[in-house]
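Provided herewith is a single structure, encoded as structure tokens, for subsequent inquiry.
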Amino acid sequence: MVWRRGLSKSLLAAIVVIIVIIVAAAALMMQGGGGAVKEVKVGVVLPLSGKLAETGADLKRGLEFAVEEINAAGGIKSLGGAKIVLVYGDSAGKPETGAAEAERLITEEKVVAMLGSYQSAVTKTVSEVCERYHVPMLNPESTSPTLTARGYKWFFRTTPHDEMFARQHVDFVNWLNKKYGNQIKTIAIIHEDTEWGTATARAWQKYFTQAGYKIVKVVSYHAATITSMDSEIDTLKAANPDLVLVASYVQDAILFVQTAKQRDFNPKAILAQDAGFINPSYVKQVGKDGFYIFSREVFNWDLGQKIPRLREVNKRYKAKYGVDLNGNSARDYTGVWVLYYALEEAGKKASPANLKEFRKALRDALANLYVPGDKLIMPWKGVKFDSNGQNILGQGIVVQMMGDGKYHTVFPEEFATAPPVFPMPKWSERG
Amino acid sequence: MVGLDYVANAVVSGILIGSVYSLVGMGLALIWGIMDVINFAQGDFMMIGSFVTYWAFTLAGVDPLLSIPLSFLVTFALGVLTQRVVIERVLDAPMVSQITATFALLLMIRYGAEAAFGPYTRRISVPYADVIFRIGSVSLQLPRLVAFIVSLGVALAFYVFLKTTYTGVALRAVSQNRMAAYLMGINVRKMYWLAFGLGVGISAVGGTLVATFLPIYPEMGGFYALIAFIVVVFGGFGSVFGAYISGIIIGVTESVSALFISPSLKDVVAFLLFILIILVKPAGLFGTEQR
Amino acid sequence: MGALRFIREGLSGRRGLYFAIISVLMIAAPLIFWKLDMPFAANAMLLCLMFSIMAMAWNLLEGYTGQLSFGHAVFFGVGAYTTMILMLYYGITPWVGIFAGGLVAALVGLALGVPLFRLKSHWFALATIAVGEIFKLIFISWDYVGGSAGLQSPIVPESQKLYYLQYAGSYVYVYLALGFLGLELLVMYPLVRSRIGYYLQAIREDEDAAMSLGINPFKYKMVAMFFSALFTGIGGGIYTVRFRFVDPFAVFDLISVSVYITIAGILGGIYSFVGPIVGSFVFVPISEYVRVYVVSRFPRFYGLHVFVLGAILLIISLLAPEGIMGWLEKKGLLGGGEEER
Amino acid sequence: MSLLEVRDVVKRFGGLVAVNGVSFSLEEGERVGLIGPNGAGKTTLFNLISGYYRPDRGRIIFEGEDITGRRPYEITALGIGRTFQIVRPLSNLTVLDNVAIGALLRHPDVDEARERAEEVLMMTGLHEKRNMRAGSLNLPEKKRLELSRALATEPKLLLLDEVVAGLNPSEVDELLEVLRRINEAGVTILMVEHVMRAVMNISERIVVMDYGVKIAEGTPEEIANDPRVIEAYLGREEF
């Protein structure tokens, strides 16, 4: 009967504690309240720490620069010049942390919209939170095709995704064949095995097969632990393809090029899917061995020659941060502007004082938004979202590293600054 | 489909990278054999070696090969310090305390380095990085070949040290019977300092060697530590020379299974092999049974 | 009926009072977080509870049976994936799926136990690391489970919220985790107080001696493995319903799952029944605090939170290997000198 | 039918034959000593009977059942208890828990097992130390703990490996008295012992081994006067 006595005493204590807590909570609840709309908060979840912290910082610069421009030009005019304020959450590169941060920004910071989150896995969970809380999310830089295949109503993506890029790869190879006499018939694929590499490889297989090319070999590898690529390159070499498609991160991209040279592997062309191949440390490391490799890109330094608006923005950007805009910062810069156009529209219909209504208005504004290409700094035809929230007017470009050690845009022709070098010279014929 | 020349190349490439695995494994085997302590932070001491080489190269322009003594000495000193401050205190503690302590070291070194240097990947570009030799269809990258030769040299020097010098013999005596060695007048405590210093120092040489052709980053030790465990288990625990041979076997297994099975599963093959070996022959291929 | 008696005994006297107070605080906390819009605190509490569930399960193997596992991410991951796959491919409610996840994890545990329990001490620990890596690599290249992209469950209509356990924020899941922690206590406490608990400890102390007392070590290690994997798998199931997204990199991670579970257990004290819970409630807030308030402000110092954990772990292993609870007991701060095993 | 029958048992370790064709049997209720110089194979024989080693040849029959190759815990469950020469306490558990774990074999209920353990501890004289950590006992106490634990499994046959070694004469007498009482309660005892006084005192019958072979068997008086036994001991100047 010790039990009964012990419990009744415990129960009493418990009740006391519960009452104290509820009273305290109620007292705290009395405080708080809303103020006037002087600013519009936008949440941003990015990898600000972790292995991608460097990229995160880069993206953050792009976002901040755009916000400064917009605020300096008078803020959101339909809301009486309200300023945009970015509130950050750090995903540390982890999907579950990103989701928790998104919740904090939405419920604690009361943001009207969300931007981010770079890695597709994090964007998946962050967008899910937004969808649940009915907060519009604008994603400027994640390229996993599945993101816009989920039927979400509150998710919008400005950048083209990996399948669109793969389709564009086919266009590019068709164009090469037309120009240089059908030299490419067989194709091999090598990719790292995270979602990005795998999805890209799958899309390549699908679209190149549809276009009548023959896929002779697909090789995947685990980038995190790769210490040698001899066997991988040898399997490719044995398949003897005309074209090799590569989806690699930095370290494996470097290893790929070095090993290809070492094993004297000479396809007629190597076409990469940006990532590792456009990383500054890749460019520095492989040096002249990287010449004549094609890469798909979203952005390139020489685009300024064709896009006057970009030339100006980049000049100011470089003056402020000391670096040029790149594919990441330019896309996030663009993302903020697109969101701004939608905010102007939404401001005509609702006020952020009523958060729920305003978020809805913003979503509708995004869904109906059209931004023409000449208002952007990207090599796109414009911004217009389909019912899944995917921008259908975006496109990539194809660049090739030339003898000056720099990438030059070679495709599509309206943005090209140089003709392609094809086929690429054999290793033995290089100086 | 896969020709014989490719197999030859895979084998050679496996031997070259395997010789580096060997060095990390040898260090682990030495510590394990002498003190019966598993140093979970072994791969992270190797990472320190890589970073010493990296800084010597970037700040002072020291060629990575010349920084081998430096990288060895720095980690040797850190090893002795670790032994004095940490390992000594847990030598007779229950296994869980030993493992916890070296795991704590792992977390502190790895993430301390990450906090100090940033999580980024670095590389050294030595001028001879892309010198390539070709023998028939087999091609060799100079840095990898150098790594192989140096690791062979280190292993041989280590062998001679253990077999012929007084200190080496004393070390072996301590590993066989701590009490007897003590009664013979050997300063067991100092031998342990030496063992831990040497053990992590040798792994750090491996770190210096990989730095000439592979990326350097604070978390790199994780992968090499796993490989080192496989190497030690394979070679027989406490068997330093078994570790050398088995490092090379692991390297070859990986590159050949990448050729025939799938590159993305080559680590799975290595890990499965590892579990299989401890189940079937826990003493390893070259070791003797010990309880 | 024996089980009930153990629980009654466990809750008698002062311990019952502590238990009641802590329970009330735990039940009240999420309400407060919710009222005050503190999603982050609620999320931290959820993490504490998830790690409590898993560290306690892990400790049945380590603290009670003496089998140090660095591979509990396997059970966490298998539980998480099972719950997700049942929900996504077969429309089975996670109310069932979480239990199924635990059960599948337990079966995986038994299957792994057959070879692994032939290994002693170090070897067992090493092999569990290898098993964890193998599972990660296999799930990365296994298309049925979504490969490296992982799996995400769609958002369900309002009417199916309860069936699919989909709620915004962590609040609801804190109660879910509390429920499962309660269930675990109800199962584990009688278990370790019963003959099985004594047998496990005998195996931990000396397998040969245990055999001379009529104990079949393999059989009882398998029993420990079953419950250990079961509740770790349930932890995975909670992760799935909470975040509705699983991928191999997050759920099979050596450091942030397997090792964190180990840290929670060792920090709290492996020779104490409630040690792992105490350890989780100390370790998770420290880690989160350093990460959110130091690392986020100074991203330059990424890794610092893990470094701090390492330092704490080192201090514990050198100065108080018996963990917080063991240390408190030694200092006589738990009162009564009641043996807490 | 004999309680235990060991038939022509052989055990090799590499090139060494530790037990070489030993046969003997025990009747129910007997007290039998097993003696022999160091390395004679006594402990190996214990390990064979209790299932820790599997014999290379020969059979071991307990109560008419062939138990050769059974696992140690099965053999304990059948009713053969043992102690270890090098004591193996469950160090981090209390004395009472050590013994209670043994008692759990026949009394699955924890409370019952504890009661039973207390009884055993009373009998073996460790009752006062029941709440101490087993690891903190001194050697003679640990030996008693070994005995208590084995006893708690309620064996029909008790294999004792040097339980009185290291005790002073009065402690030896005390313990022998305990063993006698255990035996009177119906437990058959086979004990390996180096302390001759103790073996001679308590054994009804003695088996002598040397170099893995049984060299003699008989009453204490017969053994004391057996020239082969004297040779085996004196020949190596060990007693």
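In this document, chain identifiers A, B, C and D correspond to the written order of the chains, with residue numbering beginning at 1 in each.
The working rule: contacts are C-beta pairs under 8 Å (C-beta built on N, C-alpha and C of every residue); 3 or more make two chains touch, one makes a residue touch a chain.
Since this is a predicted model, take the numbers as computed values, not measurements.
Novice: Apart from chain A, how do the chains cluster through contacts, with nothing moved?
Specialist: Groups left after taking chain A out of consideration (others unmoved): just one piece.
Novice: Quick one: which chain's Cα centre is the longest way from chain C's?
Specialist: That would be chain D.
Novice: Of the chains shown, whose Cα mean is nearest the mean of all protein Cα atoms?
Specialist: Checking distances from each chain centre to the full centroid gives C.
Novice: Can you compute the centre-to-centre distance for chain C and chain D, using the mean CA position of each chain? Integer Å is fine.
Specialist: 43
Novice: Rounded to the nearest whole Å, what is the centre-to-centre distance of chain B and chain D, using the mean of the C-alpha atoms as each centre?
Specialist: 48
Novice: Find the geometric centre of each of chain A and chain B from their Cα atoms only, then give the gap between the two centres in Å, rounded to an integer.
Specialist: Whole-Å distance between the two chain centres: 39.
Novice: Distance between chain A and chain C based on Cα centroids, please, to the nearest Å.
Specialist: 35
Novice: Two or more other chains touching the same residue: where does that happen in chain A?
Specialist: In chain A, 50, 53, 193, 220, 222 touch at least two other chains.
Novice: Scan chain C for residues touching two or more other chains and write them down.
Specialist: Residues 137, 140-141, 302.
Novice: Which label fits the chain touch graph of this model best, line, ring, star, complete or other?
Specialist: other
Novice: Would you mind giving me the full set of chain pairs in touch?
Specialist: Pairs satisfying the touch definition: A-B, A-C, B-C, C-D.
Novice: For the complex, which residues does chain C have touching chain D?
Specialist: Against chain D, chain C makes touches at 2, 193-195, 198-199, 201-202, 205-206, 208-217, 271, 339.
Novice: For chain B, which residues count as touching chain A in their complex?
Specialist: Touching chain A from chain B are residues 1-3, 6, 9-10, 13-14, 16-17, 118-121, 123, 125, 129-130, 132, 134, 139, 141, 210, 214-215, 223, 254-256, 258-259, 262-264, 266-267.
Novice: What part of chain A is in contact with chain B in the complex they form?
Specialist: These residues of chain A touch chain B: 50-51, 53-54, 193, 219-222, 224-228, 230-232, 234-235, 237-238, 250-251, 254, 258, 261-264, 281, 284-285, 289.
Novice: Touching chain C in the complex: which residues of chain D?
Specialist: 50-52, 71-74, 76-77, 81-84, 88-94, 97, 100-102, 104-105, 108-110, 113, 149-150, 152-153
Novice: Considering the complex alone, what residue numbers of chain B touch chain C?
Specialist: Those residues of chain B that touch chain C are 38, 86, 89-90, 93-97, 99-101, 103-108, 110-115, 118-119, 218, 222, 226, 229-230, 233, 262, 264-265, 267-268, 271-272, 274-275, 278-279, 282.
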